[in-house]
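Below you'll find the structure I mean.
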Amino acid sequence: MRLRGRQIDCVRGGRAVFSGLDFEAASSHALAVVGPNGSGKTSLLRLIAGLLVPAGGSVALEGGADELTLPEQTHYLGHRDALKPALSVLENLSFWRDFLGGDASDPHECLAKVGLAHATHLPAAYLSAGQRRRLSIARLLAVRRPVWLLDEPTSALDAAGQDLFAGLMQGHLARGGIIVAATHAPLGIEAGELRMGGSA
Amino acid sequence: MTLIDLANPTKFLSLTARILPWLAGATAILLLIGLYQAAMAPDDYQQGATVKIMFIHVPNAWLSMFVWGVMSLAALGTLVWRHPLADVAAKAAAPIGAAFTFLALVTGSLWGRPMWGTYWQWDARLTSVLILFLMYLGLIALWRAVDDPSRAARAAAILTLVGALNLPIIKFSVDWWNTLHQPASVLRMGGSTLDRAFLIPLLVMAVGFSLLFVTLHLAAMRNEILRRRVRSLQIMQASQQAA
Amino acid sequence: MTALAALIRRDIRIALRVGGGALIGVLFFLTVTVLMPFALGPDLALLTRLGPSILWLGALLASLLTLDRLFTSDHEDGSLDLIVMGRTPLELACAAKALAHWLAAGLPLIIATPVLGLMLNLDATATSAVALTLLVGTPALTFIGMIGAALAVTLHRGGLLLAVLVLPLSIPVLIFGVAASQAAISGPLPFGTPFSILCAISLVSFVIGPFAAAASLRHGLD
């Protein structure tokens, strides 16, 4: 499996964010997207996720499932954690597990893996920022997707949380997954580097 | 010159610069001929001289719907091909369409005055045109509400198409509602029974007004393209100063 | 199907829990109806005659105004991105969200109708006619209003602008809803004529609404 982007141009609000971008990430490899603010890291991830339409060029997953589009084989972990404060931790996770569909695992196990086993029935409103991030990460485990797109995944996580997440990413790569992560901080795993915003 | 070339804004600007004076001239001549013929047309045995309002009213009413059709085509261009010129065409057409619709309303109301004894009657045609006018105003408000033109274009395109699908339903509902509450309209006018003395000036006026729309639309599109160039120059300037 | 059922379950749960605001629609409906006698006078004969129209106007405003945050709340917390990326066609997801909204906010309006009918001195036939037309008509309002709710994501704003855009589109529903209620009460038309047209309009809106909303969301997620 290979995620490949060719000659991608991105225009937002009449401003060219980046142009002619090429990148490649193979199975079991992580790609760290680095660069200053405004260089288009988030835009690139949203473009791969199909949430932005490129002004030119294309992104494709070679060797993925034929009947599924790239966004359908992708997990996107953005700045916003897609949690509803009115629902319990378990309800939040079960919803995404049922809605996203595909190869699913037991939500209780996923919550245990991110260290939220004690809080399954509490409303998500009571979680701290770090715990909210852990709950969003549990979503990546609840349903299997070959491609993970992570936008500043380690922000809000403490040192223990970062170690835990690095372990989970290692596990994903070991199963042949692909990770593309936009980050300022080191990811804690071995990753190729894609530098955005050439001049800086 | 192919259609593809026309889709390039720069080519569009240079081509329209050459065409526009001719179009404006043809519009003026046709409208003058039409107005003269309309003035010479005989009075109606029933409605008297007020029938001459028809020569202004009918072309405006026709254009009020035609312009929505033009915007719907442009909306398809925006959504399917994401072409910026389609955005420009849709945006430039909305105020012109609203103006024609407003004129259709005013002339319809003036025409109805001697018949009804009042300026406003909840007549089926007039009510449908009023709703169309409200929809034009809503669309213009939408264009003005969003700062980013391509974002506004997509929202406006969806609304235009939904409007195009709904307009026949609205028209049908209002007609039905109207027949429920009052007998047939005063403004009823079978096209086929229209006398030649009325028909020819009416056709000339209709063509004249349609040309007027094309002229105004092209001019407004030019303005909009230039406005967007100013905007992108300003954005470039802002990013240069930041760097 | 599990995906759609999960979405409907989630939206209803959120609407009914603290901060959900499903019942604000009913409260609005109640308040608008209570306001009417203050504007029209407490003349029961007049209120009886205008009753169906008052109830329809109140229900129309209540169901359109509560739609405001149908998609924007999901957009703000990032859920909408994941819904768009999911394996469920976006049109179906939109329809499921509208259905959930109608179950949580539209159905209570119809349940409240008999009480409000009593206050407007409507008899049993009139009340049941209004309730029946609302049962068929309010889903159409929800599905039409959903287009506005989806545009709110693109426009980054909601409120009055959306009401201005969507209200003209709801005119046919209002016309046939009120006409069917009136036909059942005083004739001269048979109830079936306007009622079946109302049903037809509802069916059309079930098609147009999800497609327009999905198109709007796809093009509006910048």
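Note that the chains take the letters A, B and C in the order they are written out, and that residue 1 is the start of every chain.
The rule is short, and it goes like this: a residue touches a chain if its C-beta (ideal position, glycine included) is under 8 Å from a C-beta of that chain, and two chains touch if they have at least 3 such contacts.
What you are looking at is a predicted structure, and each value in this text was computed from that prediction instead of being measured.
Counting C-beta pairs in contact across A-C and across A-B gives the higher total for A-C.
Put simply, the chain closest to the centre of the protein, by Cα centroids, is C. Centroids of chain B and chain C (each the mean of its C-alpha atoms) stand 32 Å apart.
Chain C has its Cα centroid 37 Å from the Cα centroid of chain A.
Averaging C-alpha coordinates per chain places the centre of chain A 48 Å away from that of chain B.
Multi-chain contact residues of chain A (touching two or more other chains) are listed as 13.
Annotation for chain C: residues 222 touch two or more other chains. Touching of two or more other chains is recorded for residues 148, 151 of chain B. Chain C makes touch with chain A in their complex at residues 2-3, 5-7, 9-10, 13-14, 17-20, 76-79, 81-88, 221-222. Contact residues of chain B toward chain C in the complex are 79, 131, 134-135, 137-139, 141-142, 145-146, 148, 151-152, 154-155, 157-159, 161-163, 165-166, 169-170, 172-174, 176-177, 180. Chain C makes touch with chain B in their complex at residues 147, 150-151, 154-157, 161, 164-165, 168-169, 171-172, 175-176, 179, 189, 197, 201, 204, 208, 212, 215-216, 219-220, 222. Interface of chain B with chain A (complex): residues 82, 148-151, 228, 231-232, 235, 239.
Contacts from chain A toward chain B in the complex involve residues 13-15, 53.
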